[in-house]
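Chain IDs A, B, C and D follow the sequence of writing; residue 1 opens each chain.
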Amino acid sequence: MTPALSLQDVRKNFGPTEIIRGLTLDVMPRERHAIIGPNGAGKSTTFHLISGRIKPSSGSIRLNGAEITGMAPYEINRRGLSRSFQVTNIFPRLSVFENVRCGVLWSLGYRYSFWRFVDKLRDANEKAHAIVEEIGLGARRHAPAGILTYAEQRALEIGVTIAGGADVVMLDEPTAGMSKAETEQAVALIRKISEGRTLVMVEHDMSVVFGLADRISVLVYGQIIASDTPQAIRQNKAVREAYLGEEAH
Amino acid sequence: MKKVFAGAVACLLLCGTALAADPIKIGFVDPLSGGGATTGEGGLKNLQFAVDIINNAGGLLGRKVEIIPLDNKVNPQESLVQAQKAIDQGARYITQGQGSAVALALTDFISKYNERNPGKEVLYFNYAAVDPALTNAKCSFWHFRWDASADIKMAALTNFMKTRPNIKKIYLINQDYSFGQAVRTLARDMLKTKRPDIEIVGDEVHPLQKVTDFSPYIAKIKASGADSVITGDWGQDMALLMKAGAEAGLQVDWYTYYAGGGGGPTAIKQAGLEHRVFDIVEGNANSAVESAQKSEAEFRAKYGIGLWYPRGMNEIAMFAEAVKKAGTADDVKKVASALEGMKITVFDGGEGYMRKDDHQFIQDMYLRSFGPLDKGAKFDEENTGWGWKEIARINSADTIVPTTCKMERPN
Amino acid sequence: MSTGVKHFIAFAALAIILIALPKVFVSGSAHTMMSLMGIMIIFALSYNILLGQTGLLSFGHAVYYGLAGFCVAHAMNYIAREKIGVPLPFIPLIGAFAGLFFGALFGLISTRRAGTVFSMISLGIGELVASSALILRSFFGGEEGIPTNRTKFPPFFGYKFGPQIEVYYLIAFWCFVCIALMYALTRTPFGRMCNAVRDNPERAEFVGYSTQRVRFIAFVFSAIFAGVAGALATINFELMNSQSLGAGQSGLVLLMTYVGGVGHFIGPIIGGVIITFLQISLSDITKAWMLYFGLMFILVVMFSPGGVAGWLALHQPLLKGGRIFRLIPAYALALVPMAMLAAGLIMTIELAHRMLVDAQSDGSVMKLAGWTVDAAKAQPWMLAIGLLVCGALGLKLAWPKVREAFAAQSAEVAQ
Amino acid sequence: MLQLVTFSTLNGVLYGMLLFMMASGLTLIFSMMGVLNFAHASFYMIGAYFGFEISRRIGFWPAFFIAPVLVGLVGALVERFGLRRVHKFGHVAELLFTFGLAFVIEELVQMIWGKLPVDYRVPPSLDFVAFRLFDTTYPAYRMFMLAVAVAMFVFLLLVLKRTRVGLIIQAALTHPGMVAMLGHDVPTVFMSVFGVGAALAGLAGVIAGPALVTQPAMAALLGPILFVVVVVGGLGSLAGAFVASLLIGLIQTFAVAINLSMGDVFGPAVANAFGDLGRVTVAQIAPIIPYLLLVLVLIFKPTGLFGNRES
């Protein structure tokens, strides 16, 4: 089976320092895959490389078997990969509904069209509506995104990310900074939206990681040192030494 | 907001209904704010001074003459709006002078306006825009010009240069727009016939009012070995050019159109170019007839600036004469016909007439140089202690250039 | 009421206003001014496609207005000369095409980047085109420009478009059409993505949109409508000259749009009307009008960055909630010191202007709002400074009350 | 020819250094505060007028020292009571604020000192011929301007490389946003930077005033060129600003000396095909070459010659 996402010996250096040092990773379709690792291991950089925000220095990245290395973010997005951001990254002056609808438009083929009214696009509006309900922001649909609470913005972030119907969804620390109750809600949401999709996430909260992920990859100093089921990762000696050992309080 | 609109409503209604027939109104459309305001204000005061003389003598046909000042910001399009405002306020005469671009726009506008509004025609008096086109290719029955056009001035200037054998090499430097280009072509053509022995060692145009440092240009003039420079530059370009020339120790004679303009005298004095800068004008206060000198002194006492536009005095005097002759100020066709060919005694002395063929005023011209005031000379410029001295008087007959104007006269 | 009905009412009202205005303001200069307002409304709205909707600050928008104007002037002269049977009302389409062409040409260069780089390229292109206008004389006609004649066209239902009133209706028609089209544009998928790119260009890339492409298309649209405005200007003045594509005109459209308000569709319409009116009339009242323009701009930037429209929009919920009248006491309280402050400021400027600029030639006695005062005496200055200080202090005291009242009423409406 | 080259080089370097005196302040302000100050050339103009006013009362040398300090104070006040207020509305608002400010300053200068050039002269102590080359003289005052500009450049370099303040500024140049984290009193730092930048422009004005004409349009004439310098050099790069200043100074000066048109190079046939464009000489378009350069640089290297930041 072709991996949904495949990285082969990806490297990235900023000046003389190499941040990603020969990263190789396969994510299978319909898999929930978590990337963990200590601070500064290069998790966010990996996300940026995959989603096209920065270009790798060398190596190859494939999406469903097709080469996407060095493409612009929008090109990668159009091929079915969508991501969220660690720092909330939405359209602050647009309403919640508009935010999600912006995420929907391209995938429904409306592209740059300026000859039809956006309010008359039944499919886009219905889809956006459904997603707004799904992420639990139905009551806030007309509020400008900039005035939402933090947890609401995080939910909206996920909503915008999945709106385009991408089959590979990448979430960057979706529960960071949330209270316990909020985290539980978020996990439920992630579980719901990741059904039938490939999910790649970076997460620090180990309960979230081990509760959600089918497989876990451990990133240390720009390399994947292990990639396996949660069960196996827990047992993995190298991981325990390099990572969990420090974190096991 | 509301206030503004209330004001707007009030103004528009008032402006619309203001058709008071009493005074004879002249719309003055020139810059009254921004960079061009100094010359615009000078023109306004000049004309106001002339109008006051008429009003103090009882007005025209028992009516007062009133000038409506309107600020056109030296913008041709804006000028048309302001001209329309003047017309709405009852003005049948528009006067303007600063900038040939505005003049061409206005003459075009007024021709069309008169064609579209028969019976409500408007005349256009031009006191300073010198583009030859205004009395040639684009001449109009409704336009009259009291300033000598660029070709007349060049004819006068070259007639003087003819008498100066020490001129051997000439450098032309002008602003890169139609007037500057006209000066450059005229100089070349006229020198070729009048002084074929003079070598033109440089012919430069520079961007209009955009150069901050003229020293590179001066270096070129210097390298060319020129002994004289002809320039139509005005305003800051003129001042900067003089300054850079003096700094580099450039020893040449400057033959100019507008060295006398605002800031020019200061720059010449600073540069120490004693009697090396010449300009060509239609009147020189220091050597004018007594009546003109008296008016000049009066004007200076009243306004603190020189009477820059003696032609403005001619304009208003002839206008008054024409209205009297026509017996009406409202039928401007009659006034225009009265003006055609009219002869008067020029403000600064001598005879002058409005040429019928193209509505160009013809009079004696004067070549002046700038330096420390002679004994008996009364007027200095910009408080420099230096003033203009008449070098030569060029007879009106020697300034005449043929016109290509084919005037269309209304029936 | 559904949105469709609301829009219908709004546009019907707009049409009625446009038709009725010349019957209310009947003088020739009023017609001239309203024609100009119509042109400037289109121009400012086209600018807001960039600034308000896509977040692109351009310092060279007049380039498209002016270049289209020149193309139209040449086209008009050509059509008149060759006696091609195109009636005048269709001419603005030529302007639109010219705008499209130059917008696409310069847009390719300038929309590759957003932010400061975009602003600087627009400044560079603006200077370049404006300077070239004086060099390339055969196309731009030197500084006197290209004159044309709007009456040399086949009559359109009997109209020759000589009189200003007929030109007004021509402009009003196109103004209506352009307002409708530009409003419609904001409600299309593309229009929404412009807002998205303005708000967060990075995220827009991650939902599948090329921000560069969005900017480019927005730029081209903006140039098209600027082209229509330029064409109407050529028809109106029967003249296009190089000042119309210079930095001054670009600054003017920025001023109009910003003072009107960039955050709302109606903002540039308000701005176009106010600024055009002031530009033509203010110079009749005071010679320091440019200073007032500059100060007004700074004050709007400092105290009401949403412009007039933003300020009005702030009150909309209160108006809907029927509580706007509750603000009257607080506003009346603030209005007194505000008026004092304004009066003091205006008086100071006028007195200073008199003393510094005119006193030498015209004496220090002047008329101020009907009163004759001597600017060389101490009393008027003391009055002016007194008004200024009292106004400022009073406003400082009164303003918290206004805020309080506003907050209280807003809170009640929200409930 | 040699004469022309020598003097063009001298004039070009001088003009370039003058530009750099202003561009350095503009760059500092931009790097630290993210504001592209449209009113920067206005401070240059204020400097020239203050210089004029002080030197006609007390003399040129006091003016030389006092005027820049006063301009710096004006700049600090503008930052404190204007720009700081606008800061919260974002960079566009800040830019527009300075845009309006430039307008108001020009109007005020016109009101106070009139629309005509003022008589701001070279001080007698510097009013002599520095040297003579091929019978062309070079004024001492221009050499003095050059010396001041170079001295200021050296001073700036020393401050940046050798002092603590310099380190903070350098940190801000490379990592905008870092300053806030250094724990310094950010508003005061901003105010000082804006003040110092204005003072540098003021100094340029004081010394340029007598050589070029001191008049209300001087800011508007120079302002756009200044932007060209900092953008071409690379926003936020002092080295870039330096190189671009000299580059533009030299290009503009030398272009004036070239009388070539397309017709001269490719023959009249080609020139006629281009119409007006074919007949225009390089000298004629000298003052618009910087803008051409700006557009070209931004097309091929949007970050400028030395820059690495885009906004």
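Everything that follows uses one rule, which is that contacts are C-beta pairs under 8 Å (C-beta built on N, C-alpha and C of every residue); 3 or more make two chains touch, one makes a residue touch a chain.
The structure displayed is predicted, hence computed values, not measured ones.
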Closest chain to the centre of mass proxy, which here is the mean CA position: C
Most distant chain from subunit B by Cα centroid: A
Whole-Å gap separating subunit A and subunit B, where each centre is the average of the chain's CA atoms: 74
Cα-centroid distance, subunit C relative to subunit D, in whole angstrom: 31
Centroid distance [mean C-alpha coordinates] between subunit C and subunit A, Å: 44
Whole-Å gap between the CA centroids of subunit A and subunit D: 47
For subunit D, residues that touch 2 or more chains besides their own: 114, 284-285, 287-288
Multi-partner residues of subunit B (at least 2 other chains): 37, 176, 207, 210
Sequence positions of subunit C contacting 2 or more other chains: 131, 135, 137, 288, 290
Contacting chain pairs - touch in the sense defined above: A-C, B-C, B-D, C-D
Subunit D - residues contacting subunit B, complex: 1, 3-4, 7-8, 11, 15, 114-117, 119, 121, 129, 136-139, 141-142, 211-213, 215-218, 221-222, 252-254, 256-257, 283-288
In the complex, subunit A residues that touch subunit C: 51, 53, 72-74, 77-78, 82-83, 85, 89-94, 98, 101-103, 105-107, 110-119, 121, 124, 160-161, 163-164
Of all residues in subunit C, those that touch subunit A in their complex: 3, 184-185, 187-193, 195-196, 198-200, 202-211, 213-214, 217, 221
Subunit C - residues contacting subunit D, complex: 55, 57, 109, 112-117, 119-121, 123-125, 127-128, 131-132, 135-139, 247, 251, 254, 258, 288, 290-291, 293-295, 297-298, 301-302, 305, 352-353, 356-357
In the complex with subunit D, residue positions of subunit B that touch it: 35, 37-38, 176, 204-207, 209-213, 215-217, 219-220, 222-223, 236, 239-240, 243, 247-249, 262-263, 266-267, 270, 382
